[in-house]
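In what follows, subunit A forms one complex with subunit B and a second complex with subunit C.
== the complex of A and B ==
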């Protein structure tokens, strides 16, 4: 419990900075919608006729950018990118920092098992994700709601999108955990974790531009919460299961690997 | 000179990896150009049946985006994103690692002035970026020639590719300044990724409406590729803006590096 509390305190400041960033991004991004809304309609009809690969280039996918929620969907990819950066760095950092700061000797001499140590750190990481997600959720509902027409419900699709974001965050946190816990190079763990995240982001862009390599979508968590799809029909069960399976696998690797690893002191 | 060679060697692996990934992105994305161009052709036929006003509004844009230069401009966004991370990481890391790895007293006890240390380090960083760009330029040129359907203007292609170096130089200078602004930095990556992604997302928000003022805020918008394609040159005011940012950061770096307290253990 002490360890959990310590972790919560240690990254409090950075979490606060992230939350300020989230609010600025949501408010700033949707602020642009006001200007778009008038000219959106005729543009939108035309966009719908574009081939899928061209839509990807314009960044609209199947979204109706003349509605607030559709415009938010375009913005969502970038919010998701923020969440992924946060989660992948947090997951790797929370574990690998002990070795980097040469405090692992101190920590591991405490009378707790490595499993409990990992559990406490994982819990702290999860709470961070949830706080991050809640901040995103609240600011999105508030800001998008401002632009919504009378009687139009934006809360439901945003809720679905946020669950998708939480899934993506969870996958990247677990991946970072696995890299730092089971990998042999704790000093590079954060870099590797962020590198993997960036790679899957580029893969996601490639999938959208190409339009013909859809089977690769399962390899990139960014595709699990594809805004157009989620707003249209909710989260895909296949993606949720894949995401949870990848996360579970990563966590399993982290626990098993960390239990028997040499810690550099 | 010793410091210069030492740094070149220290960052050899990382730079190779970055160069390979930058070329990899171009290869991955440009490989999709032929099928993309075919899609665009089909759509252009659909456009023929549209009213002339609509065609004028979109057709022009479509023509520029479906050409090889247009497609390359689009994917170049992601190249600059990765390139900026490389540059800022290099700049921050090369100046701050002595403090982090507790080798500062060793380095500064050598019979060289701090100015000379700074000069050697920044020259090494510059050389690494120049090498990255030289290799990248060659690779991108080869790939573009391989996938082209019609001939394209190589001068404009070269200008766009060269803008990577200019953006990288701006971020390198920002990295220098960041290293000295935050002397107690434990890891470089969070600061780097935070800064670069923040600029990247601001750039997206600015681009979606073409807001003129907002463009000054983010180096990603300094070298507008549709402007380069149309005018065959860079926008002078933004060229000046990037020079000013780089000069301010560099001056701050030189002055601060010569005076600051160095933590030695």
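== the complex of A and C ==
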């Protein structure tokens, strides 16, 4: 528990900064909606005139941006990217920093097993994800609710989107964990983890743009929480299962790899 | 009872670093010197004992238990001071020591206070702001605060001023009297000379010698310096045990290991103006091992 507590305390400040960023992103992003809503359907038409590729890049292809939740769906892609950056960096950093800062020689001379060390770090990471997600959830419901018409419920689709975000966060946290735990290059773990995350983002954009490589959707967690789809019909069970399986595999690799390898000092 | 047993311990990295077929035993209550130049494999050996890295072959046992299998269990009774002290920078000394203590299931508050007072360590400072010597003190307190049965020190004195070094040695002697076994790794030989009962000398990852300090110093080697009245015949001291023979400015000097009567008989045949017999310091002996191995 001491390790867990220490981890929570050490990253308190950075988590706080992220939360401020979340609120700013959600409030700032939705703030633009107020101005746009007045122009009514013309915005939808303008977007429809854009080339298909650009629509895909902006994520507006299948969303009705004249409604608050539709507009939020466009914004969601960027919120999701933000969550992915946070999770992939957190997962790699929380573990690799001990080796990078040469504190692992201190820590592992203590009477704890590597499994226990990893478990404590993983728990701390998960709590971070949940706090991050909760802040996103709360600020989204509050802000989007401001623009919602009388009687229109935005809480349900937002809840679904947030669960999707949590899934994506979990996958990237686990991937970062695997890179830092099983990989032999703790100094570059954060960069590699973020790189992998960006690659899957590009893949996700490519899938949107081409429209003909749908079978690759499972390879990019960003596709698991596609806003238009989730708002329309909820999270896909296949994506949830795939995400959980990938995360489990990553965590397994992290534990086994970390147990076996030499600690770099 | 053997506290540390190394059996053919071998660790190879991609390159040349590492240790090869290292075997020795440290008995309970010993202060054991582990000496060798930088890069000889001292830290590698210690890190293997702590389970930070895994041996390529061979094994290390502490308190009779395998270092890998029973790592967490044996580490309850180990205090370790790494050669380079890096700790979480944004922590205060007090926080770090409490954090360190929280891994052991005993109350260490009193010990922390006493040790910090003894080493004149300010508990309220941020670790970031400390000088190298003061960081080293944090390391010392951190390594001793749970009253471990085995204390492993990797180059512990670098950065400490002579007064603090003195105090640190007294502290170690007290711990030793209390029953703690100490493994003291160093390349500074004079400090090993003063504290240790036995030494292992390691070079390029191999064990060069394993001797009792008393034997190493007293029985084994003597440095002879002679000032003969006339010329010394070149073959006059050509007996086994004589090394580092030097003759210059009318003086003859050499190291001798062996039966002392043998050598005095030879010396008695000479017409001498003056003569010195000295205990060589460990440095000289060490250099001797060095040269022999090269």
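Here are some notes:
The working rule: the second predicted complex is superposed on the first by the 248 of 265 C-alpha atoms of A that agree within 3 Å, B and C clash if a C-alpha of one lies under 4 Å from a C-alpha of the other, contacts with A are read in each partner's own complex, and residues count from 1 in each chain.
Simple rule for what comes next: a residue touches a chain if its C-beta (ideal position, glycine included) is under 8 Å from a C-beta of that chain, and two chains touch if they have at least 3 such contacts.
Every value quoted in this text rests on a predicted model; they were computed, and no experiment measured them.
Partner contacting the larger number of subunit A residues, of subunit B and subunit C: B.
In the superposed model, A:198 makes contact with subunit B only, not with subunit C. By the touch criterion defined above, A:206 reaches subunit B but does not reach subunit C.
In the superposed pair of complexes, A:29 makes contact with subunit B only, with no contact to subunit C. Of the two partner chains placed by superposition, subunit B and subunit C are both touched by A:101.
Legend: residue contacts after superposition of the two complexes on their common chain; A:131 is shown touching neither subunit B nor subunit C.
In the superposition on chain A, A:148 makes contact with neither subunit B nor subunit C. Across the two superposed structures, the residue set of subunit A contacted by subunit B and also by subunit C is 101. Residues 14, 17, 21, 25, 28-29, 32, 35-36, 42, 46, 49-54, 57, 59, 74, 78, 81-82, 85, 89, 93, 97, 100-101, 190-191, 194, 198, 202, 205-206, 209-212 of subunit A touch subunit B in their complex. By the touch criterion given at the top, residues 47, 50-54, 71-76, 78, 80, 82, 84, 86-90, 99-100, 102-104, 142 of subunit C touch subunit A in their complex.
Remark: subunit A residues 2, 6, 10, 101-106, 108-113, 116, 260, 262-263, 265 touch subunit C in the complex.
Across the complex, subunit A is touched by residues 25, 28-29, 32, 35-36, 39-40, 42-43, 46, 50, 54, 58, 62, 65-66, 71, 74-75, 78, 82, 85, 186-187, 189-190, 193-194, 197-198, 201-202, 204-205, 208-209, 211 of subunit B.
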